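Below is one structure, written out as structure tokens; comments come after it.
Which chain is which? They are A, B, C, D and E, in the order written, and residues in each are numbered from 1.
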Amino acid sequence: TIKIGLMAPLTGPWASEGQDMKQIVELLAGELNEHGGLLGKKVEVISADDGGDPKTAALAAQKLVTQDVVGAIGTYGSSITEASQNIYDESKVIQIANGSTAVRLTAKGLKYFFRTSPRDDEQGRVGVQALEKFGYKNVAILHDNTTYAKGLAEEARALLEKKNVNIVFYDALTPGERDYTAILTKMKSARPDGVFFTGYYPECGLLLRQKKEMNWNVPFLGGDANNNPDLIKIAGTDAAEGFYFLSPPVPQDLPSREASDFLKAYKKKYGTTPGSIWAVLSGDGFRVLTAAIKATGSTDSDKVADYLHNKLKNYPGLTGTISFDDKGDRVGEVYRVYRVNAKGEFILQP
Amino acid sequence: MLLNIENLRVKYGNIEVLHGVTLQVKQGEIVTILGANGAGKSTTLLSISGLVRVAAGTIFFQNSELQKLRAHDIVKLGIAQVPEGRRIFDTLTVQENLNMGAFVRKDGHQINETREWVYKLFPILKERRQQLAGTLSGGEQQMLAIGRGLMNKPRILLLDEPSLGLAPLLVKAIFQTLDEVNQAGVTILLVEQNARAALKLAHRGYVMEVGRIVLEDTAEALLANPEVQEAYLGGTRA
Amino acid sequence: MRDHSKIIYSTMTVLLAMSPLFLNKYWVDVLNNVGLYAILGLSLNIIVGHAGLFNLGHAAFYAVGAYTAAIFNTRFNIPVLWLLPLCALSAGLFAAIVMRPIIHLRGDYLCIVTIGLGEIVRIALINDIFGITQGANGIFGIDRPSIFGISIRRPHEFFYLIWGFVAVSVFFFHRLENSRFGRALNYLREDEVAAEGSGINVAHYKLACFVIGAAWAGMVGDIFASKMTIISPESFSFWESVLLFTLILLGGSASIPGVILGAFLIVGLPEVFRGIANARMLIFGGAMIAMMIFRTEGILPSRPRRYVLPDESSGESRA
Amino acid sequence: MSMLCIKNLTKRFGGVMAVNDVSFEVPAGSIMGLIGPNGAGKTTVFNLITGICRPDQGEIIFDEKSIVNLLTHNIISLGIARTFQTIRLFQNLSVLENVLAGRHSRMKSGSLRAMLRTPFQRGEEEAAIAKAVQTLNFVGLRRDAAQLAKNLSYGNQRLLEIARALATEPRLLILDEPAGGMNEQETTNLITLIRKIRDQRTTILLIEHDMSLVMRVCENIVVLDYGAKISEGTAETVKNDPLVIEAYLGTDEE
Amino acid sequence: MEEFFQQLTNGLAVGAIYALIALGYTMVYGVLKLINFAHGELFTIGSYLGLTLLTSLGLSDVFGPVLAILLLAAMVMGLVAVVGALLERTAYRPLRESPRLSAVVSALGASIFFQNAVMLIYGARLRVYPLGILPRTAVNLFGIYLPLVKLLILFASVAIMTALYLYIHKTRIGTAIRAAAIDQGAARLMGIDVDRVILIVFLIGPALGGAAGLMVGLLYGQINFTMGWVYGLKAFTAAILGGIGNIPGAMVGGILLGVIEAMGAAYISIAWKDAIAFVVLILILIVRPTGLLGERVAEKV
């Protein structure tokens, strides 16, 4: 068999992401095996729980490495991924991260590291473009002090300041709380034209709802961690309507056959659609990895890495076409702007 | 026979400390148990009240087998204890402590009367009735512990070293009170280091040594017994 | 009885020392984590086990040490092992300063304050206090340690560094607890008023055990930082303090073998349950309850100290 | 010369005048008794002397030095030791270690010396153990050295408290109801012990309700009632003082 | 100024919920001297049970919103109380005679157990209450926005606190509860059934926690399996702030904590809000070592 590792937060605060990742990768591996496997062998997915914590992640990586996986998919969270990077690299195991957007991960020049997720600076750029287009002069930026959200917020702040937009409010909430009225009240008194929230959907849903309840009609733009149907459930359609957010396109919005087939199969097997785009990106990691193995006819890390860096071009992924640059970053415009309509649907903006 | 203990054995962990204690208390009696430190007197009292588990033997209170009952049910039968080391409720007020003494009483309206009676016995408690019990002086706490036991209006009162830490005047008062309480029909089982006073008050006595009853007699006889004098009455008095 | 356990302990030590020879990287790395927790446990044991002080914020001191190492290593390129004394100093000093005004708090009040301290430190790290902690990103690019020019990178190499440190810690903490200092902590654990009334400066000793425990945790922070090469605030969460606290009580508080065993349990059990992925923490929680019920004092409870008494016939008599 | 001199000592708890303008002196080398009804303020006086609470007014002079503002452990190091009315031993530690607690203030080694186990530290440790054993011998508990304190009988626990206090090598020993819970036989032994301690040039101040003990050992007696001193003198004087009889002793109608 | 009052009301609303959870914390602490770290999870369980009942029974169609919510609250409180009693029975009762810290570890274990049990049963994804159950009316008083529901919660908390206080301090059984808390052996000598007393406490405390969980679900809509940990810690902080074991203290502590957080967020920094709250807590404890209303029984020597 060919062993492929999956490192995912199966327990801990990000357990829902991790469990989705596992479902997706196992689904894809099952399909692959049904169609004859890889290089004539079966593919076996070995998953390891990183608990959403760097130390556990290091152990999980160590565990996968000792089980001789060809490559590892994962994981969610930049600092978690970072704690495992060296371990894979030192053992020459390919790692394809799915939910790790910090710029520095690929700045180290690690040969075997790739990611299917885009980078923060890319998103920052798209976000600022959008804010400019809306014509806001006074912008409030709110993050949640996680690596990802803060990185994005800082990126956006720097770009906006360059463009002479006033940052009238810049602060961080504590994720996991329920009542954000104090923050909203404070933000309101800063009188922004629009708010850029770079954190995650659970908090965003609450913010939208509580903002609505206090009759404050400021427009909100969210980062890509808001692409989750639960956002609407939390906020309620009335409060969510008009909310903009950035995201790589969701499978539902991709015209490609890969995307719709995948969605169908997923729905058939698990009865729902995937919770977030980040989990789907792990599926893309799995697909490019197996594609590279197939193309090179080898499980040798150097050959596979070389293929991914240089030869894989415009691979049809579940989230659009995929190519990697020499640092292992995904190339191409990935981010789009979405808007929530009156029915609570996510509408891709032109 | 009001209280009938037969062949009582009690263990703490693996160590047996009572090796078959047999003793009786008749209705209306005052019975005292003498014995050196660690002889097992307190353990005997605690096992009557159900606070330590009985390993073997029976404790009959009239027709109830106490060793099968739980502590609070035993109290309901009319058995109150003033335990060793006072064990007052230190963050309750004096008055609340006394009320707890009457916890199982049904005659609600008469509780106030009993309390007034206790206050008359120990006027200092009345002065301190809103003070937290933990801040009372040692002796005051002892008074409170006794008062709390009396609040129960029990049929039998078990007292473990009630005179500990009390001023001489009060010791006298306490013994006098016990006498009065007894006259009023309450049976008393008394453990006391002040053996002389205890024997003067009691009708009968038992002597206990390392977990066994070694002697049983009327109080007068025990007072006159040279061995008892030697061991518990400090020889001939200085 | 005594010799019996001596044999067991020496066999265990030898087995452990040889284990890298027959274990794969993963299990060696698990053992490395056990070792780190063991040292942290020993450092907390002084506070929780011996002095009976309710510290649920030990991660704060550990964090101070780790960040000291990270900052000085990445900014000034000082080799991490040279930074050990500095990490001990900074964590110890931190403990001395922050605990000073609150050391007189009792029981659960001290507990919440230590939780608070842990949280304050974590929040400060996330918010990039003084602009030196790099916020939630944490500090990356910390050097691996090197001894005599040999860089330590693989789990097997770390194993000897970490367990060497465990051995040193056991050596010193064993001496510490069998001394006037260790006894003083026990006295104040048993009864503060009586301890003070026997001439023991209770406040001083409470503070001293925090300082020593913190300093030691600070050194572990240094090793941890160099092992991970990246540290971030989430490694020093409240949960971390909870684990440390728990391992002491599971193993046996105030007992060195107990604490080490506790480290094995706390790191090992979740690893063993990895197979049942989603339910592993559920079982872990249940196991915690069961172990406390069946071994209230921990699995290897502390034993009374032994003293060699002078005079009276047969040489050594035990006390 | 007086070992301890108390001047106009006053302590209130809320509305309660626990100690009210009390003055007395304890001559060096004597055994002094402090008696009075329950709640008279005797224990409070002890707590004031040992720094467990602070007086509202007044002076406490020990060996010509005011100790009013000192912390308890400093007072102990100066040479005062006490026992408690309700036993406060370190129940889960051995008898020997309980006594070693008393040695603490006479030792120096701290954590660093302990970790390095310097020759000084080892010597000191050995000496402390020797001294502790000697103290145990003195009170007659040598054979129980290895027992846990909680396993001792009540009377022996009282003795152990005294041993722990003695181990600090006090010049003034204060005992709060040392005979409480003892039978007459044990009380007699205690009297012998107290005299023995005094003979080693330790001054003793004690509280006791057992008049047989007080009258037999105390050379001087101070009587408190409602926080105030109502009488002072030899056993004979106090015993016949009508105020004392009225408030405390009662008449012996036998 | 307007903002100040708005923030004050924001803080009061949050504080009321903290207070409600803290009451349960303090109750249990009061009698067992045990920090029931699993209390936060009982809160979580309350909110999940509330969700299940709400979606499966369709109460509001039959009874109308007000009655439905009351019924729901009663059911949730009852069920969580049962869970609490079971918790006491299995995890705490066997440790009653053990060293205190052992029980604390057991409590931590129970907390982990419950949290993961909820995750396994309901899944790791957050769950959402159906919208529109609570009326969303808000009063606007001089420009200050006062949601009616939050006001109601505040009143409910105060009412529950008062009732509990009277129950614990003025009734015979309440005094018995306090007595059992001090010395279980002595309490039994008074004829108090200590097991029953503890059971009562472990019914009331968890029931309050469960009620708070339901309220949070209804009010904020979003629940997840880890939320008890955060709320539990806040409630513990609140209980300590007011003086643990003290019922009005839990109330005062909870409200105060909410207000401190809101004010800290408003006037210092949102990101530092929790740290500010802890700093204030520590400062208060330096001045009052047993909390604002904690009993300061000078230990009698």
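Note that a residue touches a chain if its C-beta (ideal position, glycine included) is under 8 Å from a C-beta of that chain, and two chains touch if they have at least 3 such contacts.
Quick caveat, the model's predicted, so the values are computed rather than measured.
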For this session: Determine the set of chains touching chain A that also touch chain B.
Result: E
For this session: Please indicate which chain is farthest from chain C, where distance is taken between mean Cα coordinates of the chains.
Result: B
Exercise. Distance from the CA centroid of chain A to that of chain D, rounded to the nearest Å?
Worked result: 73
For this session: Express in whole angstrom the distance between the two chain centres, defined as the mean CA positions of chain D and chain E.
Result: 47
Exercise. CA centre of chain A versus CA centre of chain C: separation in Å?
Worked result: 36
Problem set entry | Centroid spacing, where centroids are CA-atom means, of chain B and chain C in whole angstrom | 50
Exercise. Do you know which chain B residues sit against two or more other chains?
Worked result: 135-136
Problem set entry | Per-residue multi-chain contacts in chain D, two or more chains | 13, 43, 52, 84-85, 88
Seminar exercise, completed: Where chain E touches two or more other chains simultaneously, the residues are 116, 119, 269, 271, 274, 298-299, 301
Exercise. Given the complex with chain C, which residues does chain E contribute to the contact?
Worked result: 29, 35, 90-91, 94-95, 98-99, 101-106, 108-117, 119-120, 233, 236-237, 240, 244, 269, 271-272, 274-275, 278-279, 281-282, 285-286, 289-291, 299, 301
Exercise. Quick one: in the complex, what on chain E touches chain B?
Worked result: 172, 175-176, 178-179, 182-183, 185-194, 295, 297-300
For this session: Enumerate the contact residues on chain E facing chain A in the complex.
Result: 3, 6-7, 10-11, 13-14, 17, 116, 119, 123-126, 128, 131-132, 136, 138, 145, 147, 216, 219-222, 224, 226-227, 230, 261-262, 265-266, 269-271, 273-274
Seminar exercise, completed: Residue set of chain B touching chain D in the complex reads 36-38, 85, 124, 131, 135-140, 142-143, 161, 164-172, 193, 195-196, 231-235, 238
Seminar exercise, completed: In the complex, the residues of chain A that touch chain C are 10-11, 15, 19, 47-49, 53-55, 58-59, 62-63, 65-67, 78-79, 82-83, 86, 90, 102, 104, 145-147, 150-151, 172
